[in-house]
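The two complexes that follow have subunit A in common; it is paired with subunit B in the first and with subunit C in the second.
Right after this comes the complex of A and B.
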């Protein structure tokens, strides 16, 4: 019996192996003649339902397959016409009237103002639909379609970022028929949308296949298909790119990006990024009702100490040593230079340069005396300046950063010890319970910086019960609050940008956070496949993960070779190897089984 | 000449005349199986209890952890906690959890907004395929190599095959997987990349029989990695249990009868040595499942391991709990099966 099993296993194994080698022989090319771009992503789609999806990969696919009221302009990143072709505002800034464009859904039905009305009302009224973009309608009083082409949004308060609404507009006729919004997976193919592409196939944790939308109001994209292919680990994705399984991958870390240096077929796309990395300083954390919380070191409540820490950090060295030079040292605050309209850079007196001597001087003058061991104490002599630095576990970059900071702070008489925390504990201690001195942090900023600025508002501090709304600093500053309210109501973009710059200046000089650097946007693509692509913004911008659909809309690629050419061309080598492997395996299995037979026959004699 | 049934010599050897217990055999068997089944049910119950408390020991508030980097008002957070059932007292949460689990309701994923059981159902197929094929190959390879090694005990073949298997056993799964992927999927120097770099199927997969070949093509590297890191345990078990048999009198007898060496091994020694091995094959299913988690991560294989790994990164506690319980239950079921099967296969156990 056992021997029979063994033989069965051997046979099935042989069959399997033969089958394995076979596809290499029969090179099928269903893509022949089509222009296809295959994009690798290292994040799985969480949901195809635009009311639920929160991950970047999902919201990107939605950006490419649905229309929005507005889209960031490809040059200036300012809101420009998308499904809304024009708009007007009432004098009090509360009533917005949008004229909806004459466009078509991918199933041929016209796009109307009623579709937009249905979409916004769903987010406003259905709890389950708030998941993805709930905050975007918080300030909406009502949304009504007064006719097929006119949408009226009434706001509770003036809101400058009204035009940056991130909600994709869905077809009412499809979604009303689909029933419960929260339970709708939105996987009836093809998915009806009005963007440049239409999702025609989706396999969970594997890929999404998008086809150019021929009825798109701007005109059909240059390529025929866009495949979004999921890799669980970035190293495998890089291997896929090198081999040509994928053509393009974005959002890379420095090591993976650098591993492809010198490859003639690959373009290393290295541009200013949308993220700011900064230190969060516990300057006296308080809850939303102004009660102290946590165990932050008292010295950090002194702005002079925070200033001295800032002087002790060599940001240039951090960029070179920690980020392999693939970042920009931060002489500003939480808005990266990529957003040139809103970016503020410290100059003249404001500028805090790397200067340990100055740092020591500030601390000496403020009465923090150095002890015999070289460590400073509080002016009252009670407590030494021994600080904790909270970072995440298993983040080599943060480890390295901690080593540099520890060295520099030692030079100014401050001891820094590193605490590694897993991500939930980290979030809790640095965002809610205030059990930290200095922590690593960072934020990816949208074209409109309102969201990142709001993370430093008083109202974002946690409640006494340790609950709350996501502060990034426990900051609560009258000047900052006043400026925030001003920018909300300022509908003139230039004026508003000035106010936003003042807010960054306040953050820079008061230092509840100290910006370290702005990591670059690192992407790779194959130039033998992708012939042209326009980033956003057009000058040195982002390809994947930015807002809007410009890069995927403008991308052009080489058409896949015809079936015959493929078989005669480069793919013959794997074919031959496959054949050889198949023959060897089948042969070996055959010999093995035959020998068994023979020996059995011998025994039976 | 006639040769007795494969298992008979050992049974006689170890247990002596079997007549005394033959009367109560079937009843005893049922009782034994029931006892083991009871043990399994108890173990699963303990897993359910342990799961609940273990996942609540993880520091941090799940609602906060999940919404990290997403600014939410306190009201929205409260709503989220309510949805997760975190607002109730711990005891009530526990009772809810147990009752729901007994109804096979493993909760709803926070991240996917879908029942955990559905998510698991979708992923179970690919994992069974990978782990199943991997297990069959690893067991066959391990037993075959183990037999060879033991029979040529101390020889060059023994040292070589045992050494290789132990090296592979010690290698981190993730590292080996990545290495194989770099070499055989991406291609290095003169070695062309003939295997896919990811997943169970590509875009535009063919239909019908060609689809089976297509999946098989994707299966090669993940399967190879899995086999490489787990087959050593089967080799070692087979080797040591065969070594035990080699010194037995019945083997000497068989040799004395003038049987060829090959036959002594295949017809007498190996069948007896297989008995403890069979149990271990089942008992070590847990290791294979564990290996599958890492392998799936390297090759983006859309199975349970990937689901678990992603849930940890979320962190999506409902999915973590669900997958954890399902994997534990699978191992317990396998172990119980092994116990019962061993009982059926090996008369020596029945007598004790």
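Right after this comes the complex of A and C.
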């Protein structure tokens, strides 16, 4: 009797465990015959709410699931029609009239100009909704829908980047009913959108599942589902790619990218990147009301010293040694050469080449004399040129960069010591409190460089209380400000590009930031799974993390094989875990039964 | 008087040396240590530190052992042999100094807690217990992070986190020594606390302190390597830092065994040498272990 009970208990336990394992299996099991692309990302979604999300992974998901007024053209990256099918500008450049396309939300309701009106007005009026794209509507006077199809935006001042608006248009009928914008996590599945995909499942820090939107106005994408799977670190994601748990991963660093060289199943996607890596130099940080803040070294206020530092850096060696050659040395400023319209390249007189002798000469002439220990002092002889270099902890690439800079600066009589800071402290000291001399930094630039240029405006400096901000340099320069206002108002693209180039020239020669290199866009995907994909721009472009939805819209994949073979995909791990759990449970139950039997036998005697 | 005392000390030392020499493991450890320390001291005289500067590296990236680079090169083309030699200076320095620091704190606390047995000793012991139960590595990591990188801060971080066991040990010995009748005699003759602690207790616990310190140098070197590997390094080339570099730059996947093995084996050898010496000292100095036939 007892024996029977134990056996029954063990059996029910095993069934229970199997029951627990089953849903875990269902999550990953790709249905046979479906075309599914699984993308690995190492950044977790910060919010599914498009008014709040700032990370690349979140804004990418939003780009794929919501419509925008315009989308960068897949060839030229210039604004082209998306939800707005056409537009006109008044002569004074202040009134923009957009004609909204006849499209449908994924729940079947029509997309109207009222939806766009609601979206922009929300960002303009609700403070909580400004988090993601507040600056994009700063220049808006009013937004009104004059009828179902017509949206009128009145601007305070002419704005050239009006067509590059980064705000996803949300369905009014859903969001009005959802209540408080700031508290809305937007996780009611499926999430109603008008982009090529619809989010049908989302688990925080685990995955997001997107289904092709059959009612999408351009037509349904080629694949059925797109899964975005989160990994804690790049190593784990690479292992997942190798095993076939995921099909595609973007935004890689050089060492991880190189580790997959020679794998026949993997395509190594190496194209010009949208990022610029630069040094941020504390040239006398000030708050927004021009009060000095922080403890930057006084020598760095001298543009000559910054120029000398620039001469002392061998950018080509940095690319070879620190980035394994997978980057472009920066003979320009903060806009990478990928954006050929806006990229400015230093030439002739302007060009600061690697030349330690020249750097020494500049410093000698400016009165920074070398002491007996080979370290220079300020012209007044009071303070040595001993600088600090702030980098992040756990970043081998930045660590190596620091070793090189230390070596080169030593040659020109400047001592550099490295400070490793965790990222929140790093942001605080380099963006708000000014407690640094030189810091590593970088920016992923959009097709329109206005955003990155605006990070060097006077108005982006923080308040004394450490609020506001967003400055990348504490820069505040009359000439730069003037040019910025000029480019805002210049509606001719060619003319505007010229002004933007002048701004970069100013940054390059005045050197509040020194661009080091433009890292390549490094991605990997499995060629046995993904059969075709179009990057943006189409010529040598980006797959994941670029602008627009072209790559995920055009991607085509092999259909998932029938059930049994599907184990080769993502289901194998939970499957194995389930089996192990079952074996352990059965084994434990067996031991239990055996013991029970023995004790029964003992009792009988 | 002083002549006889000197003679007595000399014979004691000679006897100690005789005993120690008989301990083969101890001698082996001692030889390894002497070689390691000599190399560390001589490194600046026989090598050029410019080779540590990445901007002056001459070798290929992750090149295997060759005549020019007997232990191969690292990810920037620097000689691993040179880095191991210079790293030994930092690793040994941090090992010795933090063991010394932990010995000083531990001995003082231990003797004081053993001598003053009232509430003062109790409080000291509770503090000791507190440090004993704190996870040492985590505490050292936090200290290293707060104080910022640098050799002295790492010494401090390891030193102040590892003295608790020493203090416990010394307190026990102090209690044993103070129970001896001559302490009572000396008290009756008017000896103060300071006199008893420094003249009677300290000389008697000194052998234990010596053996214990030797052992704790070993654990301090391991602690330094661990901290450096976890990213809380001194910022200078050390064995732990080398291991960290080999991990960061994928030495294992690219088959650069020399980059991993060289610093790894150095740590193993020196730690083992310290342990052998410490055990040998213990055996020689502890009368109960002395003369046990082997």
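Heads up, the rule we're going with is that the second predicted complex is superposed on the first by the 529 of 605 C-alpha atoms of A that agree within 3 Å, B and C clash if a C-alpha of one lies under 4 Å from a C-alpha of the other, contacts with A are read in each partner's own complex, and residues count from 1 in each chain.
Quick note on the criterion: a contact is a pair of C-beta atoms (placed from the backbone, for glycine too) under 8 Å apart; a residue touches a chain by one contact, two chains touch by 3 or more.
A quick note: this is a predicted structure, and the numbers were derived from the prediction, not measured.
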| item | value |
| --- | --- |
| First (subunit B), second (subunit C), both or neither touched by A:52 | first |
| First (subunit B), second (subunit C), both or neither touched by A:371 | neither |
| Dominant toucher of subunit A (residue count), subunit B or subunit C | B |
| Which superposed partner A:44 touches (first subunit B, second subunit C, both, neither) | first |
| First, second, both or neither for A:420, with subunit B first and subunit C second | second |
| Partner chain(s) touched by A:379 [first = subunit B, second = subunit C, both, neither] | neither |
| Which superposed partner A:454 touches (first subunit B, second subunit C, both, neither) | first |
| Which of subunit B and subunit C A:219 touches, first, second, both or neither | neither |
| Contact residues of subunit A, present in both the subunit B and the subunit C interface | 422 |
| Of subunit B, residues touching subunit A in the complex | 6, 58-62, 64-65, 67-74, 76-79, 111-114, 122, 133, 136-137, 139-140, 143-144, 178, 181-182, 185-187, 192-194, 196-204, 206, 210, 212-214, 216-217, 219-220, 262-263, 266, 270-271, 274, 296-300, 302, 306, 309-310, 315 |
| Residues of subunit C touching subunit A in the complex | 53-56, 61, 75-76, 145, 148-149, 231, 235, 245, 248-250, 253 |
| Residue ranges of subunit A touching subunit C (in the complex, touch as defined) | 255, 259, 314, 317, 321, 393-394, 396, 399-400, 403-404, 406-408, 410-411, 417-420, 422 |
| Residues on subunit A engaged by subunit B in the complex (per definition of touch) | 1-3, 6, 9-10, 12-13, 16, 19-20, 22-24, 26, 28, 30-31, 38, 44, 46-47, 49, 52, 54, 127-128, 130-131, 134-135, 138, 182-183, 185, 201, 203-207, 209, 227, 229-233, 235-237, 239-240, 242-243, 245, 422-425, 427-428, 431-432, 443, 451, 454-455, 460, 463, 466-470, 573-574, 577-578, 599, 603 |
